[in-house]
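Labels A, B, C and D are assigned to the chains in the order they are written; within every chain, residues are numbered from 1.
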Amino acid sequence: MDAKLLVGGTIVSSTGSTRADVLMENGKISAIGQLAESLPDSVERINCTGKYVLPGGVDVHTHIDSPMMGTTTADDFLSGTIAAATGGTTTIVDFGQQLAGKTLLESAEVHHRKAQGKAVIDYGFHMCVTDLYEGFDSHMAELTQDGIASFKVFMAYRGSLMINDGELYDILKGVGAAGAKLCVHAENGDVIDRMAADLVAQGKTGPGTHEIARPPASEIEAVSRAIKISKMAEVPLYFVHLSTDGAVEEVANAQMGGWPIGAETCTHYLSLDREIYDRPGFEPAKAVLTPPLRTHEHREALWRGINTGALSVVSSDHCPFCFEDKKRLGGSDFRQIPNGGPGVEHRMLVLYDTGVAEGKMTIEKFVEVTAENPAKQFGMYPKKGTISPGADADIIVMDPNATTEISARTQKQRMDYTLYEGFKVRCSIDQVFSRGELIAANGDYVGAAGRGEFIKR
Amino acid sequence: MDAKLLVGGTIVSSTGSTRADVLMENGKISAIGQLAESLPDSVERINCTGKYVLPGGVDVHTHIDSPMMGTTTADDFLSGTIAAATGGTTTIVDFGQQLAGKTLLESAEVHHRKAQGKAVIDYGFHMCVTDLYEGFDSHMAELTQDGIASFKVFMAYRGSLMINDGELYDILKGVGAAGAKLCVHAENGDVIDRMAADLVAQGKTGPGTHEIARPPASEIEAVSRAIKISKMAEVPLYFVHLSTDGAVEEVANAQMGGWPIGAETCTHYLSLDREIYDRPGFEPAKAVLTPPLRTHEHREALWRGINTGALSVVSSDHCPFCFEDKKRLGGSDFRQIPNGGPGVEHRMLVLYDTGVAEGKMTIEKFVEVTAENPAKQFGMYPKKGTISPGADADIIVMDPNATTEISARTQKQRMDYTLYEGFKVRCSIDQVFSRGELIAANGDYVGAAGRGEFIKR
Amino acid sequence: MDAKLLVGGTIVSSTGSTRADVLMENGKISAIGQLAESLPDSVERINCTGKYVLPGGVDVHTHIDSPMMGTTTADDFLSGTIAAATGGTTTIVDFGQQLAGKTLLESAEVHHRKAQGKAVIDYGFHMCVTDLYEGFDSHMAELTQDGIASFKVFMAYRGSLMINDGELYDILKGVGAAGAKLCVHAENGDVIDRMAADLVAQGKTGPGTHEIARPPASEIEAVSRAIKISKMAEVPLYFVHLSTDGAVEEVANAQMGGWPIGAETCTHYLSLDREIYDRPGFEPAKAVLTPPLRTHEHREALWRGINTGALSVVSSDHCPFCFEDKKRLGGSDFRQIPNGGPGVEHRMLVLYDTGVAEGKMTIEKFVEVTAENPAKQFGMYPKKGTISPGADADIIVMDPNATTEISARTQKQRMDYTLYEGFKVRCSIDQVFSRGELIAANGDYVGAAGRGEFIKR
Amino acid sequence: MDAKLLVGGTIVSSTGSTRADVLMENGKISAIGQLAESLPDSVERINCTGKYVLPGGVDVHTHIDSPMMGTTTADDFLSGTIAAATGGTTTIVDFGQQLAGKTLLESAEVHHRKAQGKAVIDYGFHMCVTDLYEGFDSHMAELTQDGIASFKVFMAYRGSLMINDGELYDILKGVGAAGAKLCVHAENGDVIDRMAADLVAQGKTGPGTHEIARPPASEIEAVSRAIKISKMAEVPLYFVHLSTDGAVEEVANAQMGGWPIGAETCTHYLSLDREIYDRPGFEPAKAVLTPPLRTHEHREALWRGINTGALSVVSSDHCPFCFEDKKRLGGSDFRQIPNGGPGVEHRMLVLYDTGVAEGKMTIEKFVEVTAENPAKQFGMYPKKGTISPGADADIIVMDPNATTEISARTQKQRMDYTLYEGFKVRCSIDQVFSRGELIAANGDYVGAAGRGEFIKR
């Protein structure tokens, strides 16, 4: 019997915290309570006194080994999941792109091959739908049967990813019929393209211009529209990476009216300010991600959204492009800079620091938005996202009295920068267990490669 | 001296009513007051005792001699303006279409030629922008200089009229630079097309299906979106033919927030019910116009919008297609039925009846939405739309104690049906003066052809 | 025949402006238009070229010769109406107080006696209802018959003026039955009293504390509540002196929902800032009026309310207490300072300057809120508030190219201060006609005493 | 060692359900998991296969042995808590009244004596504050120290319970200083009294009139007002027994704006319809409780409030008056009927049936609103309201495949009626454990009298 006992830690779920031991057997959690005395000595004990024992992080928004904007994201499934694991995330749901001229089935197959034998933590997929073809809906149904029960569309990026409102309607209908879920990137791409073109025409080509071309209203409009189309199609949806006060308000109003919209925001929108776009040189390019970072007022609205439940998930939107690549591709026109940044490694640490340590959220809410809700939203609960009997033993031990310094020099993700450079986070992630196996300790990966399993949802 | 005195009528403006005489000299109104005694006998007297003396109607939404959906609207500028005149309308602003492969300048020229020598009342033009080309914005500026100071776009009808959100942004910018105004047909065309296709796929091809494919939300979404794009472009706009409660609410909220949106509804949305779509046979095709007729609840919201000022104009959206044409073109698929119906002739009569006679609006509000506000919104005030010294002597004498029966048999518009067939309207329009000249009396046109003048705005 | 002709001025109404002559005969306006040439030389001509010819101001919120807070307002009907007249106001509706132990009928009689033989312009009364007694509602009906068709209640000042919610309900019912109108002073008096007591307990007794004890929420709450009670009673109401963004929003929402709430704000809320409360010494006492002056944000919201029509009237709330009296009574406790300030004399001048000259409102809107709407709201239109045939010849001639400096030294109201001291207003009021009679010229009163007439409404 | 093992049931918390065993030792829960095999035979096993194992109900709104409206509620702490226990509730928080002429401390002492030696389940107190006196706030602070950390006020019932807005402000300040919580009964008592008087004056004295005199707006107004006063006082509050759509909306908006309002509704508002007021004879008196039952539309809004989290607690508002008493006291005037009805016994059963069995809420939400949230809102969590290691072993075993019929003949509460007469509820409560002790089985109380303990919060 493979049994380990986490002794004396504070176990946290969204509903509360309790001091108890956790028994992990054969990859599962088998019991919780005052267990240390009654168990045989053969059971390995890990002392967790003074520490948090939390469900491993579930990050439902990553782009690993993903072709985008003329290049490919910098992490493959090995480096990306090692980064995730050392940062306390034990499950990801990654976005597979629909490939040029390929069906969704073929594209999913390609993505499967990228992950197999590389991923070190368990993983699922969403599939992006960017090119409708005859029979796309039956393929969505088939993928749902195969465990890929969620899809994604983009309301921006005309010419590459963007679908129009009629296609959004059709895809919603297809998703509804398949019993799956639709993720929506909500920005008004057409207006953004025109604003960007006007700015370039005025000679504003630098990386900080990216923000000006994507004002809050360009997100809020798309969120408002998508909700209305969702109601017309009679199929709910899930918004990725919301960044604005108005978007939170639209979502909250829909929910209050009884329409079950799901919504996430990301670590960076909760912890970083738009001032980076005012920095000299090409530095703003590090924050060329979509939507852009916003002001303090929007950030406060996002925190309210988190605490009232309008926003139920915090993901990383890990979409890593090296600074060197950004400069090479977009040095003379901000529109060519690959949109995205790293995040999967530091989501848990940074969110704990700006949220829990800062007093903006409770530790219970932290667990809810980093693990419980992501697992629930995407059909993995209670296998993932909770410390309860029968669940996978995906657990992290966090020390709230330690400090971790973030730096590109020491990070595991394959990146030459991080937006959190120099952050001194007020906690450390001491042990990470995946299905009962210790895979990371004190910030280093200690497990095997390729041990991760595909999660059928 | 050409002088006429309207004696003893009740003169109405949006601010109030007063019993007084009106002196018309040389095509203009020269004085108002107790004038009868002091003027020489040579001045012609028209007894208006017991009657309303109102500014002639200004209808800013007509489609005359207009190519659309594979055919042409049934009225030319002679029949259409005669119909208008006998119904109490002394000014129209008509929509010129941008013609295939032609610039806005060329298209405007074509429209000018259609009106010249035919129109019997004064007229202006809006130009529809359906196909953007290099330099379209300088042409908009040029047209504005030439007195065509308003344009129109469609958010529906992909493949023929529809522009996308980026084009809407560009056109707003162009309109703003030109100092002109943009009219917007707000419906989400892409979603409507998909809904319609689904309905046809289910075998629902009859004319009543037209309504189901254009639910209230398809208008409300587009209104909401256009307002947000308008704010991003920092150029206000004007909504044509609003039909829903949600649209009124969006407009009112924008106005309350300080954003000066203009908005109209039409006679039929205020007076007719959607039940026509349930009628047997091809009868519902008579009401195949966009947006479709709505329920009582929406109608009440429109009346509130009128009375609170959120909606400031009532137009006809006169877009006449004969019933026979509708059947011929759309008999097997409702999507092929030309969208539109007649209205310019009966706008004033029907609105008076369902509004003033029914107690839903005051006579002052009637004047405001049929004459004053349309003239103001489109730069023709105080030349048109008011009875005050110096204004054009465009005046109607209305008898609120008479009755007028509406019928296709007797109407002047070149149509084989009217949606108001059999209506017994509780007023009559006894005399119509255009620039001081009596052009209609007791429902018949008594003026010359081609006497109408183009209004540079 | 007493006839005068105002020649060549710009006549303004809410709907527009036109250059024309105005003929005044026997106290009435008899004609408007191009009249100068056709009239005999015997008619007196007043050259108005380059000037505005406006309806005389209608101020529906004054407290003249009124017992309040242990003293009496400083103006009697002679000084108060002379001040009004020289400032361009030709009609007031003054608040009569219900006197201790007296019925509404008796109290109205007392107020009548104060005005008779003194007032120099026409005047009406509202009666304040502060003490309900058996039969108060039939007295309200009787007063309405006698031409006092409006009443007022206070939701603040417990122990002297305040009525509770049940009494508000009863009075609304009574007003509804009488066919009259109810004015409401909306502040939550009980909460204000507690806040003020807490402040005094903390030693904050100075005059600037007045503002802190009456936060925006204390008004907004009362407005929200009164609207809801008004709906339960099924009788609309009219809010006096609104000062906050939230109040405007509550009113606008009620109106949009079809509930016809009336609402006014006052000159000082549109033109003055709360910073006066930060001034040293007893100076803030000059602005101890209720509600207090607010911040820029609230002021902008009031302007939006004016321009969208949510607020339809601008009154003065002329409630003059001399600075010396304020100091004597409230020198040691701000709660004892008589609440109110002067205003009737400068309402028109200051509003023109901060509104029209500043570009925040049109001259048409100015006429609407200073004359037309007040007259309409309180049943005096079109006798008062408009320049149209048949109306009383209450007219002012305003020169928009002149300047007027405001000072306590030169003012007509019986006051030792004005909040507008030193204002250089960008217009002058050159002539004031009341029923065709010139009563003020170049800032001086030139008419007889006691010539004003009571207006039965 | 007193140890019992609940074997094989489905354990439910707000975050999820899991099949596991629960070990109870010495009145506490000591472990959860796959425990059956590893524990010695000496541990008593209770087979829970196929059943729900839920935290015992926490009912935070009861009025036991309480003087009200000239009589006393029918249950004492023995009968009332036995009824609670057999219905699956293991904790109550009861409202102690402030007694005439007595301080809060004295009144609390009286209430303590009523419960001691009688209550069979654990109990806490809120104290009602109905009569402010010098030093009331220090008494509130003292009571908070003594474990009575919540208070209640009434915005209705002038002359007996009602406080005015200034007193509400003062009490909020006192509650804030004490670190306690304020419960608010939100109805506009003054308007209700006037409406009721008008109805009686019209001869409408029957029991069904109770509803008409308390329209939805009378609750919504008070909720809106209390929120605004709460913000002015900068102290949040908790609304009891909300019944209307507008109240839910007000609460949700406050929460979304970041103001942490708590709110409950009651079983009857979620399960019963207003039609009872239309029944003949005195029957409607059974539902004379405040606020009254509402229409379907309000009920749906309450369910949305539950599911979105705006409403976080479902309580019983157990305030039992026998039908005979109601008739005796209020037979000739509905205003004299004691306001209240029974509920503590059937809250869990009825809510499960209309909520979970009907598909309107999940079993997790059921646990959240009946146990977890009530315990959290009033400072008893995680001692009460959860099945987790260390918590009190207050547990119920529920069979979702059984049926329970409700009838006044068989109920334990000391009542001659129940509003749920004849309901066939789709579950049964088979065992009830309080601190590890079996106190009810199959609907009968099997524990000792007086075993309940006061909960210091």
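By our rule, a residue touches a chain if its C-beta (ideal position, glycine included) is under 8 Å from a C-beta of that chain, and two chains touch if they have at least 3 such contacts.
Note that the structure is a prediction, hence the values are computed from the model and not measured.
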Hopping only between chains that touch, the fewest steps from chain B to chain D number 2
Any chains in contact with both chain A and chain D?
none
Remotest chain, chain B as reference, centres from CA atoms:
D
Let me have the rounded angstrom distance from the C-alpha centre of chain C over to the C-alpha centre of chain D, please.
52
As a quick test, compute the distance in whole Å between the mean CA positions of chain A and chain C.
60
Which whole number of Å gives the spacing of the CA centres of chain B and chain C?
40
Set of chain A residues in contact with two or more other chains:
none
For this assembly, give the contact graph shape among line, ring, star, complete and other.
ring
Could you please specify the touching residues of chain D with respect to chain A in the complex?
13-20, 23, 29-35, 38, 249, 252, 255-258, 300, 304, 307-310, 368, 372, 381-382, 386, 388-391
In the complex formed with chain B, which residues of chain A make contact?
158, 164-167, 169-170, 173, 188, 190-191, 193-195, 198, 215, 217-218, 220-221, 224-225, 228-229, 231-232
